[in-house]
Structures are given as C-alpha cells and as structure tokens.
C-alpha cells in the first residue's frame, strides 16, 4: 500500500487472528465496509475450514473467506494483522510478524502494561516478549495520536480503561484531581465477557439481575492507573468496581473525582479538551449519557457534573464496549497507522432504538 | 436531480414528515449516510423549533436541521417527501405534493389498501383522496419493482405484511398453496408500536413477558390478503395472529402454508424466486432465522421447512421491523423511484451481537 | 405418613434427584414452604459435598442440607422421590425405588411415552424398564386425576405438552376438532433449556432476538399427539413449532384448531370444562393471556377466540414453564398421590411486574 | 384484634389507598396471603368501580374487592391503612385517620423527613401536617424496631435509602466512616419509577441501555443523610448517584465508605450487627450479591470488601425495590405495629431464575 496525502491507491491487506469471537465479528463488520482495506485472512483454530459467513448470521452473503489456522505464512502475507484473541496469544506471534514488516494491533491485553512484572502479576503468565512492551504504543488516540501514527505495534486499550480514561483525561491533564481518591464505578453489558462457554453468562443467569464482580481486583485497574499516572506524573490510588448489566452492548463509567483545587469552568474544561476529537462528544451541562446512543458507533459520549460544591466531580461516560471499547478503536488506530483519514469506515450512526 | 447510468449529479432534496418517532429517526439514520440525497426538511408538530439532533442521542453532532411545522411550502421545496406519520396524515398532504411535482412515500397505511371501503372499515375514517388509491403503488420491490420505478406515490408496506408476503410469494406465485387455510403466526419487538405514551408498553409491563394481541382482527390482515389475492387471483382466507416479543427490534413470521398439490423442490422454489434479490436471503435447508441477524439491516432472511409429508409448508421469515419493515424499505423504494442503484445507502451489516 | 381427611400427621420424607438445575431449584423453592413435607435428601453428582444453599443465592439461609450422590440407600429412605434429571436417569433407578415402596415422580421424559419404540426413536436410547411404561401415569391432573391419586410412578408432563394439552382438552373431549390439521405455535423463555453450559444460550446470543428451533421435529410432538389421540380415540397429525423468547420464564402456546363441526358456545365449552379446576383459569372473551401473569405460580391461563367464522379456533394458553410446566405440576401430582389437598403449597400469587 | 403469644384471634382489617400502582399490587400480593389480616378496602381514584382482580392478571381469581374512592368513611373502618400513593396524598388523610384510631403506614415520602423545610425544598409543596413529622417513625426495623412497635404512623423508607442505609449501618454505628466522603452509586430496575404513563420508560427507550439520572439531586439524598446523621450524630456530606438498569425489579447499591480509623474485622462488624435480623443476610467474604437472589423476597443481601488497604470500604447491597424497598418492608412494619411475628407473611423464597 502507498498513500499520498491521504489518498489510498491500493487496498491494504488485513489479517484477523481470532475472528470467531464477539470482538472478531465486530472487526469484520467494520472492515468489510471499510473503503481502503481488504480482508486477506481470518483465522480461528476452532472454526478452521468453515466459511466465515456461516459463523454469524449477520455475515450471510457478506464474505467469501474460510477460517484458516493462524499460521505465520498466512499472516505475513498481510500488511496489518489484528489480534482478537484471548490474552497471551498475540505475544507469541507479534515478534515474527513485526520482523516480517507486518504491523500489529492487539485487541487483547498483551501489550497494554509497560512493566512486565505488573503484567505477570495480573495475567498469571510470563510475558513472551517483554522487550516489545516499551515499543508498543497504547492505542488511545485522544491521548497518543502522534505515537500511534508512527507505531508498528499498538496495544488496543481495554473497554473499561477507554471509558474511564476518556472521562478523566481533561481533568487529569489539568492536574486538578486528587488521584489518591478517584472512584470509577463501571457497568458493562454482557458482550464484554465474550462468547465463552460459561454457564454464569447464560441468559437465565444474568438477565433481569444486576451484580458487581471482581471487586477484589480486576485486570483493568493497573491499566487505568498506568494511563492516569503517566499523564499526571504522580502515583495513583484508584478504586475500580465493575458491574454486569443485563444488556448486550455498552459500558457506562461513573467516575467520582475529588478536586485538589478549584476549577473555573468544568464544562469548558471538557469541551476544550475534546473540541477537535471526532469520536468524543461532550454533552451539554445537566446531561445523562445513555449507552444506547452509542450502540454500534465508535463514539464516547461524556457529561460532567458537580452537584455539590464540596463534593467530587462526577463524570459520566458511555461507549459501546465492542466499538470504541474494542473493534472500532482498533480500526481508528489502523487508520492512524496507515495514514488514512481517522474517521474512514467509522461513521456509522448508533442504532436507536 | 438528474442521473445518467446511475451516476447522480446533484443531491436529491428530501423531506421527512413526522421525523420524531421511531420510524422517522430510523429514516434519518439511513438518509444522513445516503450518498445521493440531502435532508432538506424534517417536520414534527410537537418538536417544531427544536434541534433534530436533540431529539435522540444518537444524532448528536450528525444533523444541523431544526424541526419545522409540516407546511406545504416547506415540503414542495423537496424532490421527494417521506411520511413517517400516524395513519391519516399523508392523505391530507399527498394530493398537493403530487400536484407540485413532489414524489411521495408514505410509511403509514393511507395508500396501502386499494379499496376505500375496506380502508375505512379497518382504519375508522373516511379516506381523504380515494382517487389516489389506484395510482399508489404498493412498495414491495420484490413484487412490484417496475411499477415502483415509475411511481409518483408509493405506499410503503406494513412490517408484518412485508415479512409474511416475502415468506409466501415464491409459493403463491406457483399457485401451490391452499389460500383458504394459511396461518401467519407473527411476533414483533416493541418498537413496532412506536414511541407512543402508552403505559401498556412500559418496560415494566412488557419485558419478561409474552402475549398475543389483536387476535380478533389486526389492520395488517386485509393488507396481506390483498397482496396474496392479487398474486394468485383468488380469494384468500388468512388467519393472522400478532404477538409482542420482549425485545426492541425484529419481526419473526412463522407461516403455515398447506399445499394443494405437490412441489418438486421446496428449497429451489425459494432460491430461484429470490436469486436476484439483494435484500432477501434464503438460508440453507434446516435453518432457523434469527431476528438479530438482520438487526439494523435492510434484509429479510427466510428458511423453509416441511417437517411432515402430510403437513403444511412452514416458512420462517425475519426482518428488522424498522428497516426492511419500514425505513429501509422506504429508502429502497426511493432509490427505485429516483433511478439510483437499489442498494445505495442500504448496505449496513446487521449489528450482532 | 398417614392422613385423615386431609390432616397430615407426619411430614412426608422427600428426595430430589438432580437438585442443582433450574427444575431442581424450583422444586426446592416449593417444597421448602410446603407444610406437609420435609426434604430428606437432595442429590447432585457434580455438587456432592457442597451446601445446597450455596448453589443458588435465593436459598441462602433456607436449607441446611448438603448435596449427596444419588445412591439407592439414600433414596430408599424417602417416601417419595422426584427426578429433576436429564432424560434417561430416572429409568435407571425407578424400578428399585418402586420395589422399595418409594413413590416416584419423574420430571424428565423417561415415562411420558407409552410405546417404547416411539420413545427410543425420539430419545435415541433403549428404554431401561419398558415394563413400567404402562404402569406410569401421565401426570396431567386435569386429564387423569383419579389415576394419579393411585399411582406409584408418575410421568410429569413436558412444559409444551402441558400448555398445548390444556389449550385443547375442552375441544378435543367434545370431538369437534379436526385433529389432522391442528397447529401449535409455541414460544418459551430460555429457562426451558435448563442451566446447561451451552454457548447458544448465552445472553449475548439469545437476548434481543427471536427464533424458531427444532422445526424439523421436537420431542414434545409425540407426547402431545399421544395425549390428544387418547382423548379423541383417533389418529393425530399435529404441527408443532417451538420458538425461543428472550425472557427467562414462561410458555405461550398459540393453538390453531380447525373445527369439523359447529360449536354452540365456545367460551362455555372452556369455562365448563375447567369450572372445578384450581389451576386453570379461563379468561373472559377477547382476552390475551400474558406469561407474566403466571410467573412463579402454578397456573395456566387460557383465552379462546374464533376471529373469523370460517377460520380455526385460536386458543391462547400461558404457563410458567418451571411451575405448571415442571416443578409446580410435580408438587400438584405429589399432593394427589399422597392424599393431600391438591392446592397445598401451591398458592403463590404470580410475581408481577 | 388481639394476640396472645403470637396467636392471632381476629383478622386485622386493612385498607390500601392507591392499590393500582406497582407498589399497591405488590402490597396486595403479600397481604392476600398474610394469615392474620384481611383486606377491607382498596382504593383507586382512576379505577373506582372496577374489580381489583381485573387490574393485573396475576390477581385473577384471587380477590373479590372492587376499587373504591379513597373516602374517609371507608378508611376509618380499617384498623390500619397503607398509602401506596404519590407523594402528597397521605399527608392529606393521615391526621383524620390517626384521630379515628387508625394506624397509618405511608409508602410515599410524606413523613420521611423530619424537617418540614427540607421536605418542602425537595418535594416542592408545603407540608399539610408538619406537626406529625416528629411523631412519625421512620420505618427501618433494623434501625428503629422498638419505636415502630409503638408507632401510630410509620414512614416507610424509600427504596434507595433502604439499600444504602442497611449497607452503612454497621460501619456508621461504629463511628469509623468519614461521612464527609461517602459515595453511594446506586442502580435500580425500572419498576422503581412506577406504572406511570411516561414515554421515557417505554421498553423501546430503556431496554438494552444504561444511564444515570438525577445526578444534580435526587430526593432520596436528604433521606439517607438524615438517617446517617442521626446514627452518627454528625453532619453528613453524601454523594448519591442513581442509575436505571434495564430490568424490572431490583436495587443494587455500591457504597464507597472511606474509614477514619482502622477496623479490626470488617466481616464480623457486619455479621454481628445483623446476627439477629431475619431480613438481612451478610454473605461470605468475597461475595457479590445479585439482585435476582432477592427477587420477590423481603431480603437484603450484603457483601463487604476492602480490596486495597488504603482505599475505601466497599459495601454491596441488594434488595427487591418493591419488597424490602417498599411493600415487603411495609408489611414488616405492620407486623411490628400489630404485635405479630415480624416474619409473618414474608417468608417467600426469591424467584430464581
């Protein structure tokens, strides 16, 4: 592929490793309509030999590929490879792909934490290529756009970290938040857990109910802390509690941020920070974002409140966990890495109702 | 507007009357991304003066128009006007619009029944322009594509009639069905009832429950009967029972069609009939269509079974009631009326999960 | 146990085999509040050694038993044993239990079909004790109350067969239905599939969607046919299509019954037939039963329509698949077998909303 | 009525004002099965003259009363009257009822706040009988059982305040919490908003979505603050954010309580405090309560965590908003006021799944 001033002359060849899960299918939905790329290979160990279109009914008639094994020779024929795999897979293949000149975007957690010791602590395995952790760019465009544009290897952020980080970036970059006392109370639809064979995610178990989970410690905690600490150059003591909502898509972060100083204009702090961002929308004062307003769209909608003068700032932030929280953000990163217009292929309006 | 071989040289100016309901918002979602049209006016009596983008959160930042009153002068400035209004509104304005050279697509029922007496019986009011009922084309492209291409006035089919008619057309056109004994057991998500202030549609009332409704007689019964009778040139005695499903979008029709003769190859009857159709997909034998597989897409997915030799043919047909059952089919009709490629602006892949 | 005129003098000792699934937990909910019985043993191979109260959060503090292995010595210490197990388990243990004087109620399908050949055809295994099939009483009290009262072994009906049979009994007992052309279009909540580790039942897969399943043939078809054929002493050609509803509990049967003769008073046919039944409620003419109105209750609510003179009778019937469709009906059968008041322990009012 | 050692000799005559809403129907469900009371009158202005059993399908065949107007003469014939009405109704009738010797339990907010000025500020109307505010007992039995037993007038707590107060009482009574910095992030099912004709509560609007509401100030904030301040005899600065969950029943409170001192044994603090309470269950360490586990039951389930030594205590608390959060707690209060066993009529096991 080569581009000139944003003009793409050839289609980029794309590989998707792990194309049979929810994140994979969402990547396919976006990539199949992306005007500048072509799906070259979609892999799935379990589904190899099956038509990709047979895996999910929404792909009927949309794609001619067959799932293949994730072999290196298949993937090195691509210009860019997405990993929509469980944690621990991308780190096995990424070094060889990079060596072959293939760019890599990992939608799992393999390259999100910069400290291999922290990674091993939270993910329970040794890292296969710790030397790549410093090269890997954390793919939150609103935070690190220039680095992503230059990156060979991008760690696509987790869904909760995306929602929480976008909620806090304007305040944290102003150094007005007491980062020892921030609380992120987060709520996610069930697709966040993937299409795993887990009786605890049966509709009979999770519909018509609400619960917290992983209160004792969730892997997205060190990821969020790392981002906030880097911005503010300070230690962070974050409380993060995820909850399971009886719906399929959507994350809602309710972030409580005590201030260490006064802030002149809360709303302006946010609207200024995100003024040029295509995928973050700051709602008018007094708003309450709804997850359905971003369903299927690569958008984050944010509202900010301070109901009591002595109380914390309350930031409400919603994303579709499979889009801005996963596949959509990955395509956004791809666009940046390839020099394509950042919004290309990502202009879907959310499906409402 | 003028087109040459499918090349559109100017954007078509579009009006949407009744843009604040579920069908209206879905029309906006599709039209805002349609490459050959431009929204000229969106009307809403209740919302006049308000920003359209403020009505539904998914339109934030997507549209600059303000709702206006549905005045004739506003609408005659359009090339084509959609009515996404309650029954009885379009028939008040359509004659003047047609006289002014504006094409009209009514998504309500005003022009669906050819016999004004039948219309009055089922809709409880006198028809305002019965002389247009014969000119109006019933906008089911799979049945009447040539007539739609020439039409000034299109009656967009009801959601249930779309699902049931598409399920039966291949069989009925072969004259093999006993049309005195067809049963259409249909199920719809709650968005089919619109965004009306009706306590019976509260989530507390309809979620986690299932019921039939209008068993004594539903307005879509004469509409389906009219379509089938016209194809088969025979009287029709149809049993039609709609049910309410605790979900937002989707219609599933389960149609039981007793045969009057044998049929050599049931599957081929369907695949042949729909071979060239872009928006009807006949699934492989043994399939069970799921409404989620067409959510947000202008698709109808169909499977056909005959589980017992002496029993009826069973046709399973799914659509998104707001897309192929309303706004999407309306855009499909618009494309046909305007000489645009039929699939233009309608290639969204369904949102799954 | 001995009873005198409905006065129970000792608690009956009850065993539940397979107490860890949805049917088992529902049995425990009912039996723990039943004034005349005492839970003696609850078995579960997978959960043996675990506290029963730890299995499901609604049992916290409600029961002191520990799951045990389903050994014969444990079960022969009971007066009556329920099997809430997969098909094929009860038939292994029932002969020995009956020989030991223990009464048995099987909530699975082992004893529902009288013809072992038909059973093997539909359930794919040889029957372990075909000699018991004629002794076993099909436990639909509204059909066979006297036999149940005398039974040692009761086959608790399937959920769909309960809803469909109750919908048809009044008409079929009058010999007015054309049993060659009955159609039962049935809809069930997801708990009907049990708490199985099946990715196809994840909330991400089945919520916000609707589909038919097993259209080519479902095991409840021969069960319903057997019941109707026995009542009417005629051959039956039934069409039965089950569908999956995105809700947890509830079955709605929409039954289309063409008449072979005229019927003087349709409504009276039903109200007379069920006049003395405590657990079947015939709703007023024009009604549409809702599954939520029987949620958690051992009730069947029925409405009957004939919208078109030449068309079929339409019977709408709702039950909670886990109560009147499983555990509640099993307790009703237990009451009859033990000479207890039939309504004892079954008077819960449905949970609405 | 008189009781001796728990033996009730006559049934207490009960009135329910406002019996047609969700709270009213839930009261009827409980009172119809309560062994010591008899429903004397159920009022509803809108439904007067209609059979109560016709209002909700779960009451079919369960109750013979007809809705009547809420006239004083009707209500003074009762021993105790529940108000399941909008705010502002009970305060109009309570003085006359009390004067006539009728005890009163208000499930709305009229008597919850002790300071009439605060009441007027939050409820936007002058209080009709401020002189009763000091007599009224706040009906949280776990906090004020002796006073309730003596009360003529009980203010039944709000749903959120019940969940949050029960989460905090053990800690606050130990004076270990920094009450200037407590955050209560709460989530409620849609039935909390009642059966109001509100398009914003349509299933099409709230299902498959999640949002916060009333972040700028919710009426339950002063109610919770008043309770905590009274226990701790200190000023309280609480942050309270409610959210709407796409489910019907259930409240989940996630309470973040920073400590002002160390606490030896967090779990024991809770288990000791609630050791004798029949309707509060402290789950084992590491637990995550689920709202479904208390659906339909008068239970509060609580788990307590301190995931990080320097971070706040996190208390998770679930109730059914219509039971322990409204009707069930009202019956519990009634039992206390009447000298009946506190658990009478409240021993339903939650409906799961």
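To keep things simple, chains are lettered A, B, C and D as they appear, and every chain counts its residues starting from 1.
Criterion: a residue touches a chain if its C-beta (ideal position, glycine included) is under 8 Å from a C-beta of that chain, and two chains touch if they have at least 3 such contacts.
It should be emphasised that the depicted structure is a prediction, and the values quoted were computed from it without experimental measurement.
Both chain C and chain D are touched by A, B. Of all the chains, the one whose CA centre sits at the greatest distance from that of chain D is B. Put simply, the C-alpha centre of chain A and that of chain C have 47 angstrom between them. Chain A and chain B have Cα centroids lying 36 Å from one another.
Taking the mean of the C-alpha atoms as each chain's centre, chain B and chain C sit 40 Å apart. Each of residues 22, 191, 195, 204-205, 207-208, 246-249, 289-290, 292-293, 295, 353 in chain C touches at least two other chains.
For chain B in complex with chain C, the touching residues are 180-181, 183, 185, 187, 189, 204-205, 207-213, 215-217, 237, 239, 241, 243, 245-250, 252, 254, 256, 258, 286, 288-293, 295, 305, 307-308, 310-312, 314, 316, 318, 353.
Within the complex formed with chain B, the chain D residues making contact are 22, 190-191, 193, 195-199, 201-208, 246-248.
Partner chain C is touched in their complex by these residues of chain D: 22, 25, 29, 32-33, 56-62, 191, 195, 208, 248-249, 281, 283, 289-290, 292-297, 301, 347-353.
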